[in-house]
């Protein structure tokens, strides 16, 4: 009786696992199935690199890829020093009370909904940019600044975590040799924590690439590859969000799936890279 | 020279920290100053009588009551769909799966946790269109499709946080029940799950917070600006985050904008509370859960 | 009066591998019924592993492999744990185990004590109460905790916790009790009480005690065995 109950439970658990696996895999299959005809109709390369001009029948997503990179890369680059400095203070430079408060603040930041970052960005940041630099205000720069703040908690938490996981014995040894806080951080802790910090950086980059709302609300959404920080841009994610065709067979609709596949590839590469780095670290230990 | 570099690092770190804090306080302070005055009965219920609205007798036209109800329905439905399946999968992966399957599934769910939410929204959208074209005209983007998409969105977190909290348990705890003659299922239900409960539930709370705030998924799967309180699973609905998004580019007068600030404050309060609660329950959450766009 | 002791456990040619490492090599031994056998030896030589073979706890370690036979007489029946000819939960109810760190579960004292009975499917409340009281009394613990049975077991002192864990194992009336350094996390006084307690159990079960302390073994053990260089020998 008890044993049969155990078998039933095991099978229920197994069933749930299979169900969730199948459900989630179907997303990729769905996207490939729907995006496939586009690859067949025009040449494979032109979708990725070609321009967007629906009147000419051209549905290349290059402007969107370019927009995504124009926003995500500078945002990550801007977030890096912010996160690096803050995580240094959280893990070693600050006093105990300050560290605790900063930690709580960073965790609080992870709980702020994206749409609120966007909302405040529109009404607080946009006027400043309009006055300072001219133009409409909706531009790459606005999205970059807000996005940099949005992704910084991810980076800070990962950075602090890897910095704190360094063997305290090593740190004590350096302390005994007369190294001060900054020296211990730079010469002992940083080199050992590097792998974990790279993981955090890649994950934050993935987050920046995949973010929809900030660029949708702040970047202006013009379908044209931006040539400067004050120009509007449309990201892959915003392009998907702005879909207004409901006809499966239209090329425009299919191009959206190409965007989806591109995003899928970007983020999957990021995750695999992080797992690879994590594995190397464990082998070294 | 070296002394200079070290000093520079310290100064740099403090400047960056102050800069970040400044940004955050500016954001929150601005929101508070703009939003606090608009908080009140009027914001939620508009001109309608609160009691009548709560009982469903009166429609609220100019308040965010329908959006709040819509968000609650959404969260409730997606949690109902995702939590049981997710927790059971996590248990299977932690306790029954072999090492090969563990490795593979860990990779799999981590990748899925990293898919941008808009892609999952796109999936929900195309599913709705597909069902509409092939099965029934009445199906379109709706509450059910949204909940399903959100459930898929948060499923990997629930699976992984359940799995990780169970795997983190010390071998000592694992042995206790077994040495007393528990079979595997008894050990899981009586010993392992109660001990991993804080981790599992904080994963669920984070998932709920995500469901409440993920605008990108809702955007493509049936949220609209005016729908009233949702009447069925197949109807369109309003939601708080979408309301905020909508106000930000469609507002026509200062009152509507003030409503947007008020709604932002409410959503911020709810989400921040959920996240802090989750952190309070389990100090060391796996940061994978934070990483979704 | 001469009491002829019978063998309770017979170990025959047992080798144990963990991954590529061989931990135990071709072990032969027998353990007499109603006696306390102490097992000692340098740390890291697999004493705990050996103990875990008798109730199949090694089963939970990934990458472990075991050859040879172990036979345990439960009642009138011989069972072979390594061959798994008895369901694991049943085996572990009769071959109980005490760990180095006391491991009360995060529930009340009464809850901890009734837990093994609950696992075994016992529902009768008065029966449970009677068993719990009896086992606590055996552990010299009844007087100390009878007024706080519903309080958390985690608030007890280290020695009390360990006695609670032994009492908890005794609720099911095991025939063999495996003790893995049961006193090493306790102070001397608490350890002394546990030692007396273990000696008092000889009438009911066969005890295998892993220990580091020579004086302790001299006090309680009928036989001392040394586990060294992958082999077991009597000293």
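Chains here go by letter, A, B and C, matching the order in which they are written, and residues are numbered from 1 within each.
One rule holds for everything that comes next: contacts are C-beta pairs under 8 Å (C-beta built on N, C-alpha and C of every residue); 3 or more make two chains touch, one makes a residue touch a chain.
As the structure is a computational prediction, the values presented were derived from the model and not from experiment.
J.: By count of C-beta pairs in contact, what is the leading chain pair?
T.: A-B
J.: Closest chain to the protein's overall Cα mean, using per-chain Cα means, please.
T.: It is chain B that sits nearest the middle.
J.: Distance-wise, how many Å sit between the C-alpha centres of chain A and chain C, to the nearest whole number?
T.: 53
J.: Between chain B and chain C, what's the gap in Å when you average each chain's C-alpha atoms?
T.: The mean C-alpha positions of chain B and chain C differ by 47 Å.
J.: Starting from the mean Cα coordinates of chain A and chain B, work out the distance between those two points in Å.
T.: That gives a centre separation of 17 Å.
J.: Where in chain A do residues touch two or more of the other chains?
T.: 2-3
J.: Note the residues in chain B that touch 2 or more other chains, in rising order.
T.: Those would be 183.
J.: Show the residues in chain C shared as contacts by 2 or more other chains, in ascending order.
T.: Residues 87 of chain C touch two or more partner chains.
J.: Write out the stretch or stretches of chain B touching chain C in their complex.
T.: Where chain B meets chain C, its residues are 99, 171-183, 186, 190-191, 194-195.
J.: For chain C, which residues count as touching chain B in their complex?
T.: The touching residues are 55, 57, 60, 62, 87-90, 92-93, 96-97, 99, 101, 103, 105-106, 115-116, 118-120, 168-169, 172.
J.: Show which residues of chain A lie in contact with chain B when the two form their complex.
T.: So the residues of chain A touching chain B come out as 2-3, 5-6, 9-10, 12-17, 19-21, 23-24, 26-27, 30-31, 34, 81-86, 88-89, 93-94, 102, 104-105, 107-120, 122-124, 149, 152-154, 157-158, 161, 180-183, 185-186, 200, 203-204, 206-213, 217, 237, 240-241, 243, 246, 248, 256-257, 260, 263-264, 267-268, 270-272, 275.
J.: Under the touch definition given earlier, write down the residues of chain B that touch chain A in their complex.
T.: Those in contact with chain A are residues 5-7, 9-10, 12-17, 19-21, 23-24, 26-27, 30-31, 34, 84-86, 88-89, 91-93, 95-97, 105, 107-108, 110-112, 114-123, 125-127, 129-130, 133, 152, 155-156, 159, 183-185, 209, 212-216, 219-220, 241-242, 244-245, 247-249, 257, 260, 264, 267-268, 271-276, 279, 287, 290-293.
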